[in-house]
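Got some structures for you, see below.
Shared chain: chain A. Partners: chain B in the first complex, chain C in the second.
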Partner chain A sequence: MKDNFRQSMKWFHTWVGLVVGWVLFFMFLTGSLGYFYQEITRWMEPERPFIAHEVSTEKLLDTAQIYLNKHAKGVDEWDIMLPNARDQNLRVGWRHLVDSGKQGSRYKITVLDALTGEAVASRATGGGKLLYRMHYRLHYLSTSISYWVVGFCSMLMLLAVITGVVIHKKIFTDFFTFRAKKGLLGWLDIHNVLSVIALPFHFMITYSGLLFFLFTYMVLSTNLQINDEEFDEMLNEIYPGSTHLDSARQPSDMLKVSSLYQQVKNSWHADELSYVEMFAADDINAHARFVRHETDITYNPDDEVTINAITGEVIAVKINKYTGAGIIHNGFFSLHEGHFAGPIARWIYFFTGLIGTAMIASGLILWTTKRKPKQMKKANGPDFGYRLVEQLNIGTIVGLPIAIASYFYANRLLPLDMANRINWEANIMFISWAVLLIYPAFRTAKQAWSEQLLFAALLYFMLPIVNAFTTDKHLLNSLHHQDWNLAGFDLTLLVVSSCFAFAAYKMTSPQLSNKTSAQRNKQVSKRVNNKIVIEKRDHPSVQVTNDSLLPLPQANKEKC
Partner chain B sequence: MLVLTSLSFSTMVLFCLAMTKHREQVLESEISILAVRFFRPFAWLLLLFTGYISVDMYGWSIGPALLFGAFTIATLLLILLLTYRAKIVPELAIVLSIIASMSIFIS
Partner chain C sequence: MSYLVNKLNACSPYWSMFSRVLAAITGGYVLATANSIFISQLLLSSVGKYQAIHIGLMLTFITYACVAMWVFSVSTATKVWLGLIKLTVLVAVATWLLMKLNGMSS
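Entry: the complex of A and B
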């Protein structure tokens, strides 16, 4: 055991972070992309039409209903999903029977052209959903192993967050402190800043993440303490399902969905409708549930209106009844997934997710940066462990974004009639990641960093161009159609590309020249201040050493 | 959301000005100790006000969630500005507050 509490916490934070850091990086990055999984799917299915402006909700509902009457006759339930800020296409969905003698059915969504009312045949793709699923269902592992691995890593993440707060001595004094310096001090500041500013998010996302598979992780507790009946009761309490009437097998003429919608319009603002669920269509029991975008994290009963589709009367039943436990559980799920978030809040979620990703990356880099001076002095070169960590760092922190780019490339470039196309998209992603994990073994760390960063910049820059050559949903067209969803994707790729290019430039550019360093000194001394003078005296080497790192004893004086 | 982020930014600027080392980064000239003493209480007041606005705009459950998001983004912006463009912090805080208050009154 280390000599004191904070020291042992620091030791714990360092090693816990290192052991699961790469998995966490993968989870955070793919999870952050998950906030845009619908948008990503739309980009990955370029056969879908552009946004259709100025088509009224009633017209969209009619178009969808005509299609459903033709193709989904006799199904128990069908849904109409209206174009929204996230997915600007009209979609319908119902459970399709699984063919070739298998039992059961599978829910499938069909995209409709809002103008022609015809179904759009899209290419086979995993879309954003596959990418988003990876963050809890590790792609090649079985479901239960994935959940356990993810749970183990999340638990350690939660511990790392808590110990991180404990070992941060000056959390308030250094709240705004970020010294843009190369080496240990700079990385430590980056790690601290990224951790502290988004601390509520880090805690919430990790804690709520653990709640998702509560009954997997706490299986002993539930199995031993309660019987099956009590377990079912508890599940009903936590996940209150909505009940609905089944078909009575008595055909009846029902009203048009668009005319039922008039009822809903009375109580809601215009254009709030998100989707419609129709139960027992064309039956005497037919009823429709109109659902708008969430207006409450926990649950707001006013977000849905159920209407009898035969008589057109509002059915005044509050189907879901949430208990205290249910509200808390549902609230954490909703916070984790950000269902309630509008476009700006969704971007903030995405950015905060990226802050979490960057925090993990900076922590991993900090581990190597701290050990670099000592390791470089060794006669036989750095230890195997150090080199391994560095290799994994480069291969993951830059390698994974490149792998994700190759997933998008695979979507555009793989033959459309390829067998197992969806699997191959993901395979290509993981093959590229594997190559990039191995590549740094053959280069020096600095070469590997800058080469992979440049490669990432190039790949992300080329992606919109490849998009332009392979589809008609490219940037010029999407801007022309004012389809900000598709244009936003391509523009984001360009922004990501320039971020990588900037990082590569910073990596390869000579360190702060003496001139700029001298200028900075001058600026500081202009504002004569006791504290700054003391700081300068304390760390004279910070001003002059650039590439070289702070000697360890001095670094230790800095807070961690 | 813009309103929340602007208010969060101003709050954080006030907190930051209450600290000597950051005040010297941001302000050209010395200001009176009396004014400095008011920064922190004002910051807390503005924080409370921002919290109130968030609840008023988005309700009890979504409001606080967005408030944390707004504070994260605003603080990141402030920290980057402090490092690279410290001098424009006060101007930006004032401009953002004006935009925020205008959008409150207009809507």
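Entry: the complex of A and C
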């Protein structure tokens, strides 16, 4: 299309990244938050008690079972979720019948106070789960439309990742080239560093994201080859779910879950129970499955022990065999979701996700930075397209984080007895995003950037304070109780706030402007014959070698 | 036919771009699907039916990406469509031959 393959791919990379860049930014940011969705939900339900230290697993199991015997009588299947590093409250869950008039049932989780054994009545909130669901389910759109939109965007992301590698003949040299504070080249280097530093992650997350809906997207291929029955059989082969006995409708007395747990404890080394699933409760077929925390990306049969709840005997479970392709498929799922990740790995996941988000943001900013000099010379001002991209950039890159902050504000400030409270939390998030998308139209780009950055810094800084005024789960209390999940959330907000404040300061400080004299007499590195040379100079000019990604005249124009 | 396509191409660069985008999306999808069936037929005897289909499916996104990149690297939109048709026919014929072969051995 262009002169050669790499030039074509460069063009392709630019446009593939641009057309859905803002949706991808949304998906990456909400997806990254998803790695902490349980922690976010916990913060958004401040009625939950603080962490209860040193309550034995047996005691917790008893507490939960007493509650279940009282409130879930006659329910065949229920679960007990033990406090863990991610969610430090005791929870029980079972399928509740939907209100009269409607068919079916809905799985609901109830949080219990580990000390009193009473249910905690939390405010109605979408929690972290709603936020995390948005990254593949979007919001407002119907499920099937969302999946196709997300699939289309992910496919373009995959293309952007692959073409990004193709156009970088010297991907590793570029990685170590960093020209700070230098407008276009600075942004290009930032984009390169962010892309290369987490390249395997970017590829994995995009490709596995597509795999999640493989059978939806590639429905034609399966339909041409197999019928519906065979398709179900194939799914069973790919995701071999474990089977369990159903209730025989013959009531029988069960042993206590805590006494069943004694046997499990023997086969496991430590107290590492994650949750218990009870099947056919209070029936002669009753059996409990004890599951411990996942520790690696492949399925480990030792992670589960099934026990007959009447006799207390361990039931040998047929181990599910994965096919070779099934291992790859499910391995990608594990890598994408990161359920196996401990606290440190989880933070790494979170930061890598943010690196992906920042990579998309820097690519979008790069698009405008590159076109700015030419656009500014136009007699009637910049083109509509340029202004649109700039406005969407400001409204999304800073606007979305602000919108997410307003989601948290809505959680704290909306009346507790409000009808449709869950919906309104999300509505407020999207209304604020819409406002921030429109706002840059009335300001110059620079004003809009710095004002929104400052606003974001202020909002994130105020959030822990508002939290302190509206709940008793504020930073001082959570630190005092050593509830690190709660404290971590507030502390992270403060860190995010200072990042935005720093960005706002950078935006307003004169160094960033290319035309000010402040930039003169600064140490600048430049590339000469592919080596990085640091030199002192008093007139900004840039030498770009031929294999740079930028066209030479444009790079010089930007600088001079 | 090719005269007509050329004639339309000459009208406007936007049409050529639209044609390419259409080729990448639809042509890419068809070719990716055809290729997945080809791979399934190729692997059928060695890994079993369901796994063969599964492997073919998992590779569709890679095929799709390669086709899309190729669509935007070829010099004209006409060449793109002709190339896509040729490739699809080639893969379809190869798949058909494989199906015959698999049918005979089973």
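Some points to look at:
Note that the second predicted complex is superposed on the first by the 513 of 560 C-alpha atoms of A that agree within 3 Å, B and C clash if a C-alpha of one lies under 4 Å from a C-alpha of the other, contacts with A are read in each partner's own complex, and residues count from 1 in each chain.
Everything below uses one rule, namely that a contact is a pair of C-beta atoms (placed from the backbone, for glycine too) under 8 Å apart; a residue touches a chain by one contact, two chains touch by 3 or more.
Values in this document were obtained by computation on a predicted structure and should not be read as measured data.
Partners chain B and chain C fit side by side in the overlay (superposition on chain A).
By the document's definition of touching, of the two partners only chain B reaches A:Thr295; chain C does not. Using the contact criterion defined above for the overlaid structures, shared-chain residue A:Phe12 touches chain C, although it does not reach chain B. In the superposition on chain A, no contact is made by A:Ala309 with either chain B or chain C.
With chain A as the corner point and C-alpha centres for all three chains, the angle toward chain B and chain C works out to 90 degrees, nearest 10. By the touch criterion defined above, A:Met44 lies against neither chain B nor chain C after alignment on the C-alpha atoms of chain A.
Contacts of A:Val23 after superposition: neither chain B nor chain C is touched. Using the contact criterion defined above for the overlaid structures, shared-chain residue A:Leu210 touches chain C, although it does not reach chain B. Judged by the touch definition given at the top, the superposed model places A:Leu138 against neither chain B nor chain C. Smallest inter-chain Cα distance, chain B versus chain C, after superposition on the shared chain: 20 Å.
Partner chain C is touched in their complex by these residues of chain A: 1, 5, 8-9, 11-12, 155, 158-159, 162-163, 166, 207, 210-211, 214-215, 217-218, 220-222, 224-226, 230, 233-234, 237-238, 323-326, 328-329. Note for the complex: chain A touches chain B at residues 173, 175-180, 193, 197-198, 200-201, 295-298, 331, 335, 340, 342, 344-345, 348-349, 351-352, 355, 527, 529, 531-532.
Considering their complex, residues 20, 29, 32-33, 36-37, 40, 47-51, 53-58, 60-61, 64-65, 68-69, 72-75 of chain C touch chain A. Residue ranges of chain B in contact with chain A, taken from their complex: 1-2, 12, 15-16, 19-22, 24-25, 59, 61-62, 65-66, 68-73, 75-76, 78-80, 82-84.
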